[in-house]
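In the two assemblies presented below, subunit A is common to both, partnered first by subunit B and then by subunit C.
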Partner chain A sequence: MSLSQETLLSLYETMVKIRTFEERVAEIYYEGKTPVFDIAAGPVPGEMHLYSGQEAVAAGVCAHLRPDDPVTSTHRPHGHLIAKGVDLKAMMAEIFGKDTGLCHGKGGHMHLFDPTLHFGCGGIVGGGIPHAVGAALAIKKRGEDRVAVSFFGDGAANIGAFHESLNLAAVWKLPVVFVVEDNLYAISVPKSASTAVRSNAERGAAYDMPAVQVDGQDVLAVYEAAKEAIERARKGGGPSLIEAVCYRFRGHFEGDPELYLPKGIKEQWKQRDPITILGNQLKAQGWFSDEQAQAIQDKMTALVAEAEAFARQSPYPAPEDALKHVFVNV
Partner chain B sequence: MTPSVGIIANPASGKDIRRLVAHGSVFDNKEKVNIIRRVLRALDAFGIPHVLAMPDVFGLVLRALEDAQVNLNVDFVDISLTNTGEDSTQAARRMVENGVSCIVTIGGDGTNRVVAKASRDVPLVPISTGTNNVFPSMVEGTLAGLAAAAVALDVNQVRERAVHRARKLVIAREGKPIDLALVDVVVYDERFVASRAIWDVEKMRTLVLVAPHVGTIGASAIAAYLPEMLTAQGHGAWLDLGPDGRRVLVPVGPGLIAPVSIRSLRWLEVGEGGRVLGAPCVLALDGERENPVYPGQDVIIYLSEEGPYVVDIQNAVRTAIEAGFFVI
Partner chain C sequence: MAERLLTTAKAISEAIAQEMERDDRVFVMGEDIGAYGGIFGATQGLLEKFGPERVMDTPISETGFIGAGVGAATEGMRPIVELMFVDFFGVAMDQIYNHMAKIHYMSGGNVKVPMVLMTAIGGGYSDAAQHSQCLYGLFAHVPGLKIVIPSSPYDAKGLMIQAIRDDDPVMYFFHKGIMGLGWMTPNPRATGPVPEEPYTIPFGKADVKREGSDATILTVSLMVHRSLDAAEKLAQEGINVEVVDLRTLVPLDKETILDSVKKTHRVLVVDEDYKSFGMSGELVALIAEEALDYLDAPPKRLAVPDVPIPYSRPLEQYISPSVDAIAQAVRDLVAE
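Showing the complex of A and B:
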């Protein structure tokens, strides 16, 4: 498998789409919330956790997934869902709490579900990991070649459910890939203060599965490792773990003063912008020009603007529909 | 000058994609901490007062010091960590500047390669914990510590008797040396560094070896298991790979035995080498993709005898035994 121009351009587009979406959502989020930060105010009430900086992980992994490969994600889900191919309009509408959103406006930014893409996420730390194992169990029982992927962070890797999930996935040899997005901080807790081992890749050995660590800012490194892990699972080779060391360019949540970060570290991290890294790799091969980069940026800016307009113009769910789509009707 | 020993332990070795595409050993950092602790205790027992260590984000040496119960002082070189191989090169540079007698390295071929960029005439005591461990030794940590102590104290002229200068391959671009390899260089049919490791023999175009020897695994194995290699010890080799050649079945990675077709083979003496053809491609140095080569670039690879100095651990210990170093 050669890393072709087509593949690289596709990865580039995905990362720019994510970055553009996240940076625009950040701007929208603060509407109405100033001068005093009122989390309930504005068109997007509630919390917001953005993925800027970590695009290479979502793009590099999801490039190998089919729409019917299940993915579970976290409180920071936009990158994964965009990389999986979601309709930006429906996602934006959900973030705005509108009836045209993925969950009819009742889930919001942290509870995005798209059954057509077999995607779910939630704010419970580590909550999605067992779900991915369950999906993988169903896949295996049905004899299908689908693969489940669970994205979670370095904090979630210390949750009991992580350990139970890896263990059972290994015992039953399930087609699931665990992707630890190690951005070095679980909210404000540095990994060195929370995790007994130095790398979560070392935990693979405890659960009898191969585990690798990759540079999460280099989409090609993520792409190669994910390809091997996902193909292995698809062929019945069982579970594996990928630890992608990456950087969160924005706060844990929007409004996070990040007092826990060492001075200057953000600037250091931003030197390793995954979009710039891939752009440079493309240019070095003669596969890319600044004009092309601008064209891609313009395309994504327009797509996000279209999604935003759709969301703003959409209606809220009616109050009498409050209990619709919340419970299964038996 | 008080004897001082350097320690460079690579926290990243043993965790790359070869755990997925081959059967690379899982070398967890706890084991590395154990090894470092054993080295420290051996150095301490023989009176080495000072160790200079590379800091790392995982705190391997710091953790080794917990429960080590040693009297020696450990200082850390003042470098800003990039969490890449550059840290090991910087650390080696500082250690050389600070006059260490030798540098104990804990890692694989890749670790030793980046240390060798700056080690100059300070000998290495290489303990293997990587994937392909052709350069360093599968040696127990305590023993390596003993050898390092003997070298630091220059017992029985051990620095002349048990230290040799290894050869290396130099990569030069437009006439300027840009990098080096201690074991081999593979011209790989890929354009990007990406996950660094190489594992697809179909993509290996050319193989240049420092000194193939019996028992290696990795790309070097492509030449090392040819019968003529037994009488060609001490030479480097340049092999062009491709279809319709002479076929071998060899261990190109841990647990990865693959057929490879060799179109041509020539021995290399010091100073000899060749030009890299087939750009765009990428050069894998000691098993890891490192330097992309673009069309139009003039890149050559040649064998040099100016590699790092290396302590022969068994010999160093034997030399010390001879002088009664262990009789107190």
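Showing the complex of A and C:
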């Protein structure tokens, strides 16, 4: 399969955008939390789960999605939301808890909602999978050709919500694609210790659903598998399951000492940086120079810096606003 | 013109049918709600009228289909999802209280979840610990859910139409003993006049089902019936009881509650949910905070004690507030 230069460059840019955003958020996160780590301190308090290393999955799948294709995500949502096309300023402001954020500061890093992109996420493992089924149900009832995508991890593939959702999607033949981001660990528990099957792609058969496993560090492999699954759904062919094997370059959360990782495995994984892999593929085509790579990096650094400045300058919501938005109308 | 009498179950299904006619975004999902018409009759006749696309029988996958309801609602549909017995909430509580209830807030008001989760509550027919609970207190405790509990056919229809039209997530609790089911012990109050045209009853408006001056009973659901029966007995003894049917716990009609307490100076909460840490405690706290000086006697609570609901009839009758127990509680209250 040969993709156009434009498509490949777009994938590359998306991945660099995600990486740049995540690495900068990591730096900001530790502000105010040193010398002794205090999770409640600094401009970005609370938990932080970053996507560095997994960019190929978000980029490869979301390349096929329209703004009105619903996406549900997880506690590690930044990559998906950026690949969907979010306004980085509003996203960064939400992470800072500012009133100008996507959710007026009510959600924060793990509860980012952007209804203009039909995007939602949350911190309950597997919690968003049924929502994607419901979105697909709405789409089918209306006779539209939109597609819902649910991103979740290898850990989530063992929770009841996953199994119920796949069964429902298959029974009702819904336009939904389930994407398991298998980064080999659910916090500290390796997949080999938690999952009865070797690959979640095998579970597709349990629900009579097409399923594939792909190399999640290779954005072109993800792109190809996602294309097939999403087109299948758009044409009324029902749901699919994609397992993308990928690597999390940072800890499960920022501050994770990762004592559970075998020695040296991180360094091994970093040999397979998705951005480098695509960059090399582009160079091999003669479509890419180091200058172009640098230009893209500079562009993304500037975009992220603009988002950060916006977030820092924005006001916090008024404290009493905590009482607002429980109901639409009381 | 003869009044049109409907059972509560029929009133609920009529409400749903009328809304489904009016608004094609409304659809129904749940176990046995289609061909069977709902095991408590709440969706009778809907499948024939609207077909399987809009009246969907689901697999036994509460997390899956309640979560799907949430997802469909965020995409602009208006799902009515039935949780067969409230007791089954445990297998799906995450979707109810962490998602259905909270997505609107977490999104800063940007995402709406206009969903109705209706469910059967209550005991009194020997269905034991896992099929007889009320639990509205538990759900009222969690911010983000509107809690609706009709006691009569008239209220059931108006509150259901309101629930469907409301843009917020609503939990709608119908007591199995008020549905007018042919296979349950007959209950004359389960049938009543219901206007044919659609109408709404606002949330946050309690209904004084019986006026009185000697004591106030605050209650919901089947206990409204038992309280009215007790009030009739007590009237013959010269004790006039005001029975306030709260109808919705969230939002709560504090004004009607406090007005009644200020008038009668004595209050009894009758609650078929467990006594501790629930509706009865909440109402007493409210009265203590805002009407303490108006009380001539300490508030009384008659509720199911903090025990799982037992199977054997004498055991269950012992723990469920009976007409006689309610009447005696009022006598004790006015004697103080």
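Simple rule for what comes next: the second predicted complex is superposed on the first by the 326 of 330 C-alpha atoms of A that agree within 3 Å, B and C clash if a C-alpha of one lies under 4 Å from a C-alpha of the other, contacts with A are read in each partner's own complex, and residues count from 1 in each chain.
Criterion: a contact is a pair of C-beta atoms (placed from the backbone, for glycine too) under 8 Å apart; a residue touches a chain by one contact, two chains touch by 3 or more.
Remember, it's a predicted structure, so these values are computed and weren't measured experimentally.
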On the A-aligned overlay, A:Ile124 touches which partner chain: subunit B = first, subunit C = second, or both, or neither?
second
Check the residue A:Ile296 against both partner chains and state whether it touches subunit B (first), subunit C (second), both, or neither.
neither
Just checking: does A:Ala170 make contact with subunit B only, subunit C only, both, or neither of them? Give me first, second, both or neither.
neither
Taking the superposition as given, does A:Pro70 touch the first partner, subunit B, the second, subunit C, both, or neither?
second
Which partner does A:Ala221 reach: the first (subunit B), the second (subunit C), both, or neither?
first
On the superposed three-chain arrangement, identify whether subunit B or subunit C touches more subunit A residues.
C
Of the partners subunit B and subunit C, which touch A:His325 in the superposed model: first, second, both, neither?
second
So which bits of subunit A does subunit B touch that subunit C touches too?
none
As the complex stands, subunit A meets subunit C at residues 70, 72, 101-107, 111, 113-115, 118, 120, 122, 124, 127, 129-139, 141, 148, 160-161, 164-165, 167-168, 171-172, 324-330
Residue numbers of subunit B touching subunit A in their complex, please.
11-12, 15-17, 19-21, 26, 28-30, 57-60, 83, 189-196, 280, 292, 294
Taking the complex as given, what residues does subunit C use to touch subunit A?
27, 53, 56, 58-59, 61, 63-77, 79, 91, 94-95, 98-99, 103-112, 143-144, 146, 166-168, 204, 251
Applying the document's contact rule, which stretches of subunit A touch subunit B when the two form their complex?
2-3, 192, 197-199, 201-202, 204-205, 210-214, 218, 220-221, 223-225, 228-229, 232, 240, 243, 245, 281, 284-285
